[in-house]
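Take a look at these structures.
Below, subunit A partners subunit B and then partners subunit C, in two separate complexes.
Now for the complex of A and B:
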């Protein structure tokens, strides 16, 4: 593998890993405060799966870079994380040990983000099944099997919120309006993805997933007459929303400032600690 | 220097059990994919049921400890060949059901139906899936409409 290809591949693996650890961490925050106890269990499990996927991608990246996966996960500088910005915001109330928790939290936003991200991730993983790296191809197969449970969970909640009480529906619509720019930001590619396609490591670049994703999510909006900020014309989807990008280059928002401090706090106290 | 046969290694591995289901051996669970006995070391290829399974490190340690008397041991997590339910042995399926876990009817590649298999308590098929997620990544929750007992389902992934 040429040094340029190796660099691009490691960067791509880190991007995958960062997406998964960030949504995994954020969704784990629902443990104990979800609307029903089944969802405490479900979100804990979903989060655990995603962190497991992150661990695998950090392990593969670590092999290329000669680095420890835990180091890659928890000891990189804050601006060297490449997850999509969609994933970094907190959707739960901010916990305060004194009992003065801040903000109400937004279950609708948590569900909308998770489901629409899972649909994106499914397409991305599909493009790794034929990877020329047998470890990545095998991992993709495994991840897809796990993710089927996530998609079914997401579909059920999407329907519940869209067709449930007026409050649920209103909240879902409001959450979607907020996250659309970040949803479109998912398709920002990592540097050097073209090289990976050429080498057969991935089937499609991340920006090439935009059209198939829009084709796939549109019916979920249409089925429940949810507002959809775009239309399909002959050339493809024309969206009325500008994507918010930067995540794939380490540019993030306040959600990341908060999360980075929290998720790296313990590790920084004892960087060489064994767990 | 390694002085052991592959069969002896497998025999030793049969003593190890799943940390969360102690009646089920790792060999019956199908997470040990291969054993290679070389001159310098023993390599054990391991494939977790779920990538995020927190018991993986414990199982890895158990394998290393059990085999350490035979020579240097390396446990390699095999990502290229993922675990699938057809890796469960017949005895493994029996042990799971004796431990109170239902197994889905279809252990094939696709999850075809939402309702789980027969109730592990009474055998009734009038069951409902309560939650696709359970106390660990590899379990879901079901409920028997006949004997009115909840039960756990070993997931198909």
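Now for the complex of A and C:
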């Protein structure tokens, strides 16, 4: 592998891992505060799966970079994480030891983000099944099996929110309006993805997933007459929303500042220690 | 047979070791005590998720992150199993949560305390869960059969929590001075709540839950078993227990220790602990913020019906 290819590949693996760890961390926060106890348990399982996937990708990246997965997950500088911005915001209330808890928990946003991201991730993983790196192909195979369950869970909740009550539908619509720019930001590619396609490491670049994703998500909007900010013309989907990008280059918002601080605070007490 | 005669016959059967099923006839007092006892247990599992939940994001490695998340998921799963028992006994879930957040029902003393460091995560999983396993082990033989069965499943999962907690503590104790200090300081914070965990030494003949066979061992016996199981382990791992009076009296065949302040315990479990109000207000906030979701689910069921 040429140094350029190796660099691009490591960067791509980190991008995958960062996406998974960040949504896994944010979803794990629902453990203990979900709308119904059954869902505390379910959402926690989803989160654990994502962290597990992140660990697989960090392990692969670690082999290229000569680092262990925990270092990559918890000890990089804040601006060297490449997850999509969609994934970094908290959707739960935040506990304050002094009692001034921060509200703003938003189950509709958690569900919409999770489901629409899963549909994206499914397409992305599909493109890794035929990777020329057998380890990546193997990881993709394993992940795909778990993600099927995630999609079923997401579909059921999508339907419940869209049809369960006017209130639920209103909240779903409001959440979607907020996240649309970030949803389109998912398709921002990591640097050097073209090289990876040439080498057969991945089947498609991330921006090439945009059209199939829009084809795939549109029916879920149409089925429940949810507003969809775009239309399909001959050349493809024309969206009325500008993507918010930067995540793949380490540009993030306050949600990431907060999460990074929390997720690294214990480890940083003794960065090289055994925990 | 009069009601009183039926009650006497019921008590006699319990004393003989018969187990009661949810569909069996039971005296009103027995049902009321079961609800109160199991509801407090369930509330504790649910409220117990909150102090540990703060550390899900902060876990210092991917392995610990997965383990802590799974552990707390188990606790919430236990709450779910136990709330179902309470529902079967006739108390609906909305009422259970309403009573909880309005301070009309209780949860266990150990979940009224704040957490300060990763040390608390290790000590809670190892020693608080360890204390719980001692009492839950005894509850497997409860006169109420569904409760006993649920306890068998819960104890099986709790055994993993102890290993997870002990491993966190042990790893830190083999680490740097800073890591060791986290654990020692956490033990010092938790020792008093742990000594209170099994409750005041109520004489067995005055303990109604014992009389009905809902629980099977007196409080002090549970505490003695706890000390016999854990004191040596805690010392071997290199931690110092902050009670100069703690020792095994081989003449009497029992542990002696600094008597906890039982009035303080009462104040804590009635909502005046160091983090009681904060925890309950957070539970209330999360319930309020998700009320619309439950309405949407019920609406869906209503349409289908």
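As a working rule, the second predicted complex is superposed on the first by the 274 of 275 C-alpha atoms of A that agree within 3 Å, B and C clash if a C-alpha of one lies under 4 Å from a C-alpha of the other, contacts with A are read in each partner's own complex, and residues count from 1 in each chain.
The rule is simple: a contact is a pair of C-beta atoms (placed from the backbone, for glycine too) under 8 Å apart; a residue touches a chain by one contact, two chains touch by 3 or more.
Bear in mind that the values here come from a model prediction, so they are computed numbers and not experimental data.
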Taking subunit A as the common reference, can subunit B and subunit C both be placed on it without clashing, or not? Answer clash or fit. fit
Subunit B versus subunit C as contact partner of A:210, first or second or both or neither: neither
Just checking: does A:33 make contact with subunit B only, subunit C only, both, or neither of them? Give me first, second, both or neither. second
With the two complexes superposed on chain A, say which partner A:244 touches: subunit B (first), subunit C (second), both, or neither. neither
Dominant toucher of subunit A (residue count), subunit B or subunit C: C
In the superposed arrangement, does A:53 touch subunit B (first), subunit C (second), both or neither? first
Contact-wise, after the overlay, does A:135 reach subunit B, subunit C, both or neither (first, second, both, neither)? first
Have a look at where A:262 lands relative to subunit B and subunit C in the superposition and call it first, second, both or neither. second
Scan A:41 for contacts with subunit B and subunit C and give back first, second, both or neither. both
Does subunit B (first) or subunit C (second) touch A:70, or do both, or does neither? second
Working from the superposed arrangement, determine the closest approach of subunit B to subunit C, counting only CA atoms, in whole Å. 5
Do subunit B and subunit C touch any of the same residues on subunit A, and if so, which? 38, 41, 44-45, 48, 51-52, 55
Provide the residue numbers of subunit A that touch subunit C in the complex, in ascending order. 25, 28-29, 31-38, 40-41, 44-45, 47-48, 51-52, 54-55, 58, 69-70, 73-74, 92-93, 95-99, 101, 103-107, 160-161, 163-165, 167-168, 171, 259, 262-263, 265-267, 269-270, 273-275
Would you mind writing out the residues of subunit C in touch with subunit A in their complex? 46, 49-50, 53-66, 69-70, 72-73, 76-77, 79-80, 83, 114, 117-118, 168, 171-172, 174-176, 178-179, 182, 275, 277-278, 281-282, 285-286, 289-290, 292-297, 299-300
Residue set of subunit A touching subunit B in the complex reads 38, 41-42, 44-46, 48-53, 55-56, 59-60, 134-139, 141-143, 145-146, 148-149, 152-153
Per the touch rule, the subunit B residues reaching subunit A in their complex are 50-54, 77-84, 111, 114, 130-137, 140-141, 155, 157
